[in-house]
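Each of the next two complexes has chain A plus one other chain: chain B in the first, chain C in the second.
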Partner chain A sequence: MQRATAPYILILPSFVLAAAIILWPLKEIVSLSLHDVNRFGMLRDFIGLEHFRVLFADPDFIAATWRTLVWTAAVVLGTLIVSVPIALILNEDFYGRGIARILIMLPWAISLTMTAIVWRWALNGESGMLNSALRGLGLINTNIQWLAEASTAFPMQILIGILVSVPFTVTIFLGGLSSVPDDLYEAAATEGAGSWDQFRLITLPLLRPFINIAFVLNTIYVFNSFPIIWATTQGGPANSTDILVTYLYKVGFRIGRLGEAAAVSLIMFAILLVFTIIYVRLAMREAKA
Partner chain B sequence: MSRKLKRSILFWLLLSPIVVVILFPYAVMTISALKSATEVLNPNWWPSELRWQNFPEMWQTSGIAEALANSLYVSALSTVLTILVSIPAAYALSRYQFAGRDLFRQFLLVSQMLSPIVLVIGLFRLVAGAGMIDSLNVLVVIYTAFNIAFCVWMLQSYFSTIPRDLEEAAWMEGASRWRTLIAVFLPLAVPAMVVTAIFTFINAWNEFVIALTMLRTEGTYTLPIRVFSLVAGRYTVDWHYVMAAAFVASVPVAILFAWLQRYLVRGLSIGAVK
Partner chain C sequence: MTIKQKLCLLAGASLIAFTTSAFADSTVRVTIAEYSKGTGPYFEEAAKAFETANPDTKIQIEVVPWDNLQQKLTTDISAGANADLSIIGTRWLLDYVKEGIVAPLDEHITPDFRARFIDTFLSPSVMNGKVYGLPIAASARAMYYNKDIFAKAGIDTPPATWTDLKTAAEKIKALGGETYGFGLQGKEIETDVYFYYGMWSNGGEIVKDGKSGLDSQAAIDTAKLYKSFIDEGLTQPGVTSYAREDVQNLFKQGKVATVITAPFLSNQIKAEAPDLKYGVAPIPAGPTGDKGTYGVTDSIVLFENSKNKEAAWKFLDFLFTTEQRTKFDKVEGFLPVNAEESKDPFFADNADLKVFTSLLPNARFAPVIPGWEDIAQTTSNAIQKIYLGEGEPEATLKEAAAKINETLK
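For the complex of A and B:
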């Protein structure tokens, strides 16, 4: 192997494969979004930004966009808030820690589709066991039709979203916590720092990079997450739980308006890109400071 | 009471809400899978009899055996392929300085961001244009492509923690670069490879939207699509069979995962922050 060409040969297979599966469809989407397209995907006239204009005039699209932001922010922030204390506990030494770790990680191993289907059954208005559990505990008197209205369906979907995002996030935090040297705490304790001060002054700053990475990865995953909403309500009733990905799927594969669906893809891409650029800027500023 | 016991009780109390919420769907799944067709519609917790025969009946009628085989095929093959193309790329990123290095890293970042769903319209056109709808091998290639970014990133941050001295010592003794790679470097990188392989496998095993879009006949369905098809767009759903199928699809993976999860914590922590 020649030294100069070696790295290129090494990255070539991965680059070619990823580029073929990512750049080519991206090119297709750009061209679809700018042309009049029939149901069967035949390109007709170039129409510029017409598909985008139609989208921005569609109240369902605007509603789905806002809902996507609520969905992403609620699931990501909820996940981080729940995960930090869980990770702190799982990092301590206590009886049954191994079992606790396995239990917390469990949702990760199961496909989102399967989790969503089981929840859909558990949330069923008549036969669902959540209603019977809540009635048994005396918390409700009449059955709640959880998935029949957006006002209950969407919050439940957010809860499921948080539940399935916790394992990955806790794992990253546990990794971060295990890299904090114990003598730092010992030193702090001899200086008279209480446990809250130790957390605020040692744990949190050292956990920062891990919180950042969990924030970015979760945001990307949650923003793009399809199975939870699709397998529980398919965006219904009356599109009231649609987020951009389910809206995109309906417009593309149910109604067959491929041009508009492609435009939605590009808008999502743009949102993710802006988010990533902001993050990279912030990360770089922090690295300098 | 010893201090550790007190702490244990306190910690378990603090964890109990989330543990209950996590275990709740498993309980629903298990109990529903053991109810009869009429009783499953009663929201009682305890069935009057445990119908174990739901499992063989479901196995006969749902086509889940085929789906299991399809899922295993797709997940195993895309895991192997992902690891095979990611190792050299990660090695290049961690051991060489070359023009275009940052560009390649940015490309990986963008491909991490663009999950399959964002590209699904374009991917569908690509696959349909090639006349390859309904092919499991298409799924293998797509899953591999979308897992490369994460794997390369994880592997290269782990590779960077392996000291160069070890390789240099081997070169000094006259071993070729290739031999050093095989005999010295890769054995040290086994933990990282195991973690990334588990990740890729789980991702492929659980993937939904691409499989939903590309697979058209029941014979090619993967597990998530198979179970979803038992629920979606049906007037009546045999929930006791659906839950039995979900049980079969979930519990073996959960057990495997429970056994492997301790490797993940270490592996991810090294990979997550370089």
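For the complex of A and C:
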């Protein structure tokens, strides 16, 4: 008897802690989303799924949802595509590699909000650095108003997103690459494999678990990332660059509809949960195969 | 004593220590919105002066960036952890009053105290006949114009009407180069307000008889007017990427000849572009001579759940003495809210401020209606669509007005 209960007693404290940290806020948010709530978070009547109904009838919400998916996919895939070659280069033994590695990592130490604000200046239509540079190179004659409309602002925001995600991702990949034993390449070279084949048949498969980690973590970070969009356009003009998390902030704190805001965060939670489960299952099946 | 007992004792002792240190003397917590770098130091100094005169009261100042104020208050209030006093935008006040979050101040206000204020600025915080807040910051809007650019274009006087402004902007455009006649704001806070200047001049109202005025002829005419400024290249390009600060910066750099904004731009120009020759003029009038400036006050309120209302009131009383008000308004470049203060030569002899004060009889404040922020957001979105050419003025405004009418119900 004692043997059977002991493990449960031992994990009880951490379970209680986890529940307090994870489950209690979740319960609060669920209850907010199902009640009429005033702007100071005081619950009024129970109204069921009314907040969700209002949200799904709001074209801005639907647009923000689609944009969030585009944003996440573009930033995450872009980051992976850029990071693999950078990690491969930094893994080579060359003069000044230490400095190059530091340079790549350095932006990681700067707050995301600060980076975003610097970009806001750089993208300024009149005095921005980017316009001056493009003019200097003779590529444009008139200034581009980067942040004036979504068609130019959103791609720039995605670029900034990729840029700030690269350091973290490269770090993960470098860790992965350093665990690949050199004799594998030597053996492959003796067998006559070229560098492309070596990459395709050795590096990539061995890097796979690290790519998986980077993929899942980046997806969660980017999906929930607020500072870049907020600092550059605040989701504007006319909500045309909103992603779910900036939409959530506006609904919750600007307009003061906390019930709807709670509903948005539950929907975001659900999307991420579904995504993570699917991905983890796929990755596990692959690992077994 | 076992270890357990010792721990309990220690916990108890620290709890007592904590409660006594926090509540022994009366501590008044004050949430302050940061208007400029001078805000925090000013309030710290005022708190110290007050503590010297009232040794049994401690004042604890919390400075919050203006952008985060609403968020902090919402979180604090919902957790019951709010301060005793806080600055809030007067336009939010109705929501606070409706939910019973702020306390009326009438029992404290003596006729003498009330007489300190210029009534225009106190009245927005009066609801249902009760005073719920005191105007801690007040400003209005006027048009700044660049005298050098005007001279170059051969214009002697600041434009009195929107038609004049357009003619002036055309002349400035004809000079060539990258100087624009009219600095138009189209992003972030007050995008809607920038539109109201024109709308008021045309005789429009934000809300009339409980309905949105955004579908009125005045609003439609204004939208067409502003759009014509944009389309004819009389404003800076890409107006939807320019927030208030950005347009003000363009003015400081001499890239736009006019901008409509608050008195604090004068302070900034003195500090950052002292060579700029500028004048301040009323906001242009419409065809029938209508004109309106936007009056804004922020209020300092006393929370209903404050345990130290007496001490908090005493501090309020102190903050609204002529001496303290004069210091604060000089630091921030706001308009005097205290009648005595406005006689101070700093304000009375200041040519820029005189223009602002002369506009006050025409000042309009954000209407006192629930869901104001919601309405402002809907309006901004509609206007941005028009500026970007993504919607016809009339149809877009009518759609927005319908949405606002839903909110107003």
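As a convention for this text, the second predicted complex is superposed on the first by the 267 of 289 C-alpha atoms of A that agree within 3 Å, B and C clash if a C-alpha of one lies under 4 Å from a C-alpha of the other, contacts with A are read in each partner's own complex, and residues count from 1 in each chain.
Definition applied: contacts are C-beta pairs under 8 Å (C-beta built on N, C-alpha and C of every residue); 3 or more make two chains touch, one makes a residue touch a chain.
All values reported here derive from a predicted model rather than from experimental measurement.
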{"item": "Room on chain A for both chain B and chain C (clash or fit)", "value": "clash"}
{"item": "Of chain C and chain B, partner touching more chain A residues", "value": "B"}
{"item": "First (chain B), second (chain C), both or neither touched by A:Pro85", "value": "first"}
{"item": "Partner chain in contact with A:Asn239 - chain B first, chain C second, else both or neither", "value": "second"}
{"item": "Contacts of A:Gly138 with chain B and chain C, given as first, second, both or neither", "value": "neither"}
{"item": "Which of chain B and chain C A:Glu28 touches, first, second, both or neither", "value": "first"}
{"item": "Partner chain in contact with A:Glu126 - chain B first, chain C second, else both or neither", "value": "both"}
{"item": "Touched partner set for A:Phe253, first chain B, second chain C, both or neither", "value": "both"}
{"item": "Which superposed partner A:Leu147 touches (first chain B, second chain C, both, neither)", "value": "second"}
{"item": "Chain B versus chain C as contact partner of A:Gly41, first or second or both or neither", "value": "both"}
{"item": "Shared contact residues on chain A - chain B and chain C", "value": "41, 126-127, 234, 252-253, 258"}
{"item": "Of chain A, residues touching chain B in the complex", "value": "1, 4, 6-11, 13-15, 17-22, 24-29, 32, 41, 82, 85-86, 89, 92-96, 100-115, 117-122, 126-133, 136, 159, 163, 166, 171-172, 174-176, 178-179, 209-210, 213-214, 220-221, 224, 226-227, 230-231, 234, 245, 248-249, 252-253, 258, 261-262, 265, 268-269, 272-273, 276"}
{"item": "In the complex with chain A, residue positions of chain C that touch it", "value": "70-71, 74, 77-79, 95, 99, 101, 178, 186-188, 236-242, 246, 250, 253, 255, 371, 373-374, 377, 380-382, 384-385, 387-388, 390"}
{"item": "In the complex, chain B residues that touch chain A", "value": "4-5, 7-8, 11-12, 14-15, 18-19, 21-29, 31-32, 40-45, 84-86, 88-89, 91-93, 96, 98, 100-101, 104, 107-115, 117-126, 128, 141-142, 144-146, 148-149, 152, 177-178, 202, 205-206, 208-209, 213, 223-225, 227-228, 231-232, 239, 242-243, 246, 249-250, 253-254, 256-258, 261-262, 264-266, 268-270, 272-273"}
{"item": "Contact set on chain A toward chain C in their complex", "value": "38-42, 124-127, 142-143, 145-149, 153, 233-234, 236-239, 250, 252-258"}
